[in-house]
Structure formats: structure tokens, C-alpha cells
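These notes open a run of structures that come right after.
After this come two complexes, each holding chain A, first together with chain B and then together with chain C.
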Partner chain A sequence: MIQIQIILVFMIIAAAIAIGTADLLGSVVAIGAVGLGLSIVFLLLQSPDLAILQLVVEILSLVIIIRAVGIKDKVNVRERRFIATTISIILMGIFLTFANIALLEIPGFGTPIMKIGSEYLKNGFVQTGVPNIVSAIILDYRAFDMLAQVSIAFASIIAVLMIIRKKVYKEKQ
Partner chain B sequence: MIKKPEQGMTIIVKTITRYTVVLILLFGIYFIMNGHLVHGGGFAGGIIVALSYMHVMLAFGKEVAMKRITDKTIQFLVGLGSLSFLILGILGMTKGYFMYNFFRTPGVDYIGKPFSLFSSGIMPLMNLAICLAVASGFFSVFLALIFYRLSEDKK
Partner chain C sequence: MIEYILTFILFTLGLYAILIKRNLIKIIIGLSIMEYSMNVFLILVGYKNGATIPVFTSLTEPRPDAMVDPVVQAMILTLVVMSLAVTFLLITIAMRIYDKYGTYDIRELNKLKG
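Take a look at the complex of A and B:
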């Protein structure tokens, strides 16, 4: 466990540097260091699937963030919109209240030990015939979660495209 | 591609890119096709495929890469990937319930032969659908950032 603690200290230092530096590009590189440390932590905790995914997503987000930093967008948000702010704060408060109620209902962290996981590990290979048990869980037992995940990725991509396209359209006029 | 020195990066980068980009693309396809056998899966494989296209675009410039794949195609592929995942779930309702593995014969435990490439029913197809949605989606975000930058430079 001492390796994980060393990497965690490294990640905290890198995150502090990412906030503190005045240079935007140096901040982006520090964020990449945090993601690399997280990938190694996943590998030490014996989940190579997540380690691969974290490493690949980190590279992609580094490329995209460097592209976005190069734009040098100088937008100053000075105006204050009281109605929109109060409505969003009230909605956020309602969401947090219901999330707190829902969190109190579920059982505590780690109890009962491996109630669902042991079932998956016992019957997973026989029922699905898939050697990779992570794939069997996310694509067969929890396929509905995967559908939500794909739709979240789709919605976020559409939102990013919509925001960026609007700026380009305004400049053309 | 290499005969236009004014676009993209230097000739060293272009020469190395010509040899490595195929390997990166093949690595992503290997992740997708073997997502149910080894570690990997559709999400990681899709991002690797998107990274290989970004590699071409960064090294050779915008015009050369947009000749291979146009933005209309990418918009079509984003919708196709997300919709085909949903359609695979709905097709399961013909045999049982939503997201049912409809290649399964009742009473038999394994689907296909375990540890072989063509096994486990709809899981490789689901990996393929996730790959289409993720790869074309993240590549389209990258494309949008490049187009925005070009429009600002002209001003």
C-alpha cells in the first residue's frame, strides 16, 4: 500500500501545481500528470481494464485541452443574472436534498461483503461464456447502465458541438 | 500526401506518421474485436481509433485528413453508433426482455464456443456500436476545435 500513498502524494502536488501556475500550458501538463498517477493506482489495485481506459482518455483529453487552450478565449463574465442564478441554486438544492435521502437508503460501503459480486463471479462465466468478467457485467448484467453511459457521451458531444458552432456562426456574420 | 511541404509538420513527422498510424488503428480494432476475451472493450478501443485519426490530422494538416473522411460522414456515424446500441437492446424484446442476448438458445449455458472470437452473442456487436459512437464523437469534438481556430485566425 505504500506505493499507492506515494503516488497519491504525487497526484496532490500535481493538482496543486495545476491550480497555482499562471501558465496555462503548464497547468494542462500538470493535469496530465494527475491522470497518469491515477492510471498507475488503478493498475496497482488490480483493475487493468480501468487503467487502460484512464490512460487512453487522459491522452485524448490532453490533446483536446491543449487545442482549446491555444484558442486564447478572452471572455469576461461580468454581468450578473440574479434570476437564473437563484433558479439554478434552488434546483441544485432540491437535487442535493433528494440525493441525500437516496444515499441514506442504500447499505453502507462494503456491507454486506460481495453479496452481488460473488454471484457474478460464481455464475458469470457459465451463464455468458465470456472470459473477461468485466465485459460480461457491463454488457450483459448491467447493459442498461451501458445504454445510459452511451447516451451521456452522445449528449455531451452534441452539447460541445452546439456551443462551439454557435461562436463560429457569430463570427461569420 | 508527402509532396506538399507547406501543410502540416516537417517531413520527419510525416514519414514516421505514415508507418505508425496504421499500427495504432490496428491496435484499436484489436481492442474492439477482442473486448469480450481480453482487457479492453469498445470504449477504450474507440478512443484509440479516434486518436489515430487525430494523429493524421495533426501531422498532415486539415485538408489532407478531410479528404479521407468528411464531417457529414462523422455526423452520420455518431448517430448510427448510439442508435444501433439501442436497436440491439430492442431486438432482444423479440425473444425475451430488453437487452436480452437474443443469440442464446434456451437451456444451453454457453453462447457459442468459449474463448473463440465469434462467441457470446451480441457482446461484440455492442462493442462495435460503442466504438462507432465514441470514436466519431470525440473526433468530431476535435474537428470543431480546429474549425473554430481557423475562423478566428482569418479575422
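Take a look at the complex of A and C:
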């Protein structure tokens, strides 16, 4: 599909700007462009639930990254390091080579295998009574998975609150 | 097939940011780019040509053959929320490091050195 290729190229350009630019705020705005392009890709690939979720998650993470960047920091590290750059480019080349070899093993774009997915689609509405099969999977077939996800999100919120509070931190000093 | 290769290039850009950059915010941004590329790769694997969303709109004529894979969508629904939690945790740690050291430069974080 040509639309997906165009949006993926746009995402690559935005990611390159986000990595390359010296301005941290501009970098955050560029990463927001990448995430919103990902939302449009989800919409084009027939998954509207994910598009809505990605939109909300992207805005939330943008807000908190801007909070971190709002601290005025003037670190602009721009020097040439030939050895580190060479080693990492070799690493990336190895990664791309093996990824392209592995690409020959998976089915092509537009023809998925769908062994489990077809079973869910065939029996899902009869067994669960939910028209939306994605909701049926995450809330009925894989409910323990969802429980673990909620507990991990809760634990991460507790960890964020423990890191961010200042009271105990000041008393110890 | 070219969509997969574009996704791998996006992943490689994130890997470059993690390996080369010395600003903590840039490293977190590189991790986010890698997460985005994995999300879009999984959703590309589950796409079927000419298929619709996995929601039954008509009960008299259900067409489960013409729907995309719902399992990868459920997995990515989990993964997106996890990536948000990881980003929050990393950003708060970076802000705490800024309080202690006064910079985001990872070469200055050497209190444990030697």
C-alpha cells in the first residue's frame, strides 16, 4: 500500500530530525510527529482501537517529556568520535543484514498466517457475545494477561511517585 | 515487503540514538522510536489484503474470513501501555538525575566511578 509507505518515510524523516537536532524542544516535537504518524498507520491498517489509544498515549508522553525538557539545559554534545560511530554503524549493518535474512522466512505483507486469530474470529462472537473481537481477546480469552498489565502499570505508577517525592530525599541530606 | 524494510530502518535510527547520543533525553527518545517501530512491525505482520476491522457489524451475514488478525492488535494494546509506563519511569529518573548532577550529560554521571 502506497499510503503506508509514504507515512513510514515521513516517520523516518521525523525520527532523523528528532535524533539529529540540537534543540531539545524541537526534538520532542519531532518525536510527537513520529507518534501521530504511527496513529495514522494504525488507522490505515484497520485497527481503530489502537489508533485512539496511540493518540492518547502520545499526547501524555509528550506532556511529560516537555516537563523534563522545560528544565533549561544547554548540553549540546557535538563532537566527532570516529571509533564509536564506526562500531555502531557496523552493529546497525549487522542488524539490518540479519533482519533482511529473517524477512525471507515470514509470510509477505498482506498474507498473514492467522492460526489462532481465525479460530478467535470464527468462535469469538458465539463464545463471548462481544462483537469487537479485540475486546473479547483482551478481556475474556487473555484476561490474565490484562491483569498482569494492569498490575505492572500500577507498580510503575508507585515507582514514579516514590522517585518523584522530595520530602524523604531532603531529610536524608 | 518494502514496508518491513522501512520499519527496520526506523528501528536502526533508534538504535543509533541509544548508542551514540550523550544526552539522556535523546536516549529516551531513541528508545521510544524503537518501540514505535516494533509496534508498526507487529501490526504489519497481522494485516490481510482487503480485510476490514475485527468487529462484527452485521449479525445476519458474519464474514470472519475478511477480517485482520485480532491477536496482534490485542498484544500491541498491551505493549503501548507498557511503553508509556517505561517512558514515565525513565523521565522521572532523568529529572532526579538532573536535580543531583545539574546536567543531562551522561559523561558527568561519575559519582560511582573508581
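Basically, the second predicted complex is superposed on the first by the 125 of 173 C-alpha atoms of A that agree within 3 Å, B and C clash if a C-alpha of one lies under 4 Å from a C-alpha of the other, contacts with A are read in each partner's own complex, and residues count from 1 in each chain.
Please note the rule applied: a contact is a pair of C-beta atoms (placed from the backbone, for glycine too) under 8 Å apart; a residue touches a chain by one contact, two chains touch by 3 or more.
Please read all numbers here as calculations on a predicted model, not as lab measurements.
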item	value
Partner chain(s) touched by A:V63 [first = chain B, second = chain C, both, neither]	first
Which partner reaches more residues of chain A (counting touched residues only), chain B or chain C	C
Touched partner set for A:T85, first chain B, second chain C, both or neither	second
A:M146 touches, of chain B and chain C: first, second, both or neither?	both
First (chain B), second (chain C), both or neither touched by A:L53	both
First (chain B), second (chain C), both or neither touched by A:G129	first
Partner chain(s) touched by A:I19 [first = chain B, second = chain C, both, neither]	second
Which superposed partner A:V160 touches (first chain B, second chain C, both, neither)	both
Intersection of chain A interface sets (partners chain B, chain C)	48-49, 53, 57, 60, 64, 67-68, 71, 125, 131-132, 134, 136, 138, 146, 153, 157, 160, 164
Chain A-touching residues of chain B, taken from the complex the two chains share	35-41, 43-44, 47-48, 50-51, 54, 78, 81-82, 85-86, 89, 98-99, 101, 109-112, 114-115, 119-120, 123, 126-127, 129-130, 133-134, 137-138, 140-142, 144-149, 151-152, 155
Residues of chain A defined as touching chain B within the complex	48-49, 52-53, 56-57, 59-60, 63-64, 67-68, 70-71, 125-132, 134-136, 138-140, 143-144, 146-147, 150-151, 153-154, 157, 160-161, 164-165, 167-168, 171-172
Of all residues in chain A, those that touch chain C in their complex	1, 4-5, 8-9, 11-12, 15-16, 18-19, 24, 27-28, 31, 34-35, 38, 41-42, 45-50, 53-54, 57, 60-61, 64-65, 67-69, 71, 73, 75, 77, 81, 84-85, 88, 91-92, 95-96, 99-100, 103, 106, 108-112, 114, 116-118, 120-122, 124-125, 131-134, 136-138, 142, 145-146, 149, 152-153, 156-157, 159-160, 163-164
Residues of chain C touching chain A in the complex	1-17, 19-23, 25-26, 28-30, 32-33, 36, 39-40, 43-49, 51-57, 62, 64-65, 67-74, 76-78, 80-89, 91-96, 98, 103-105
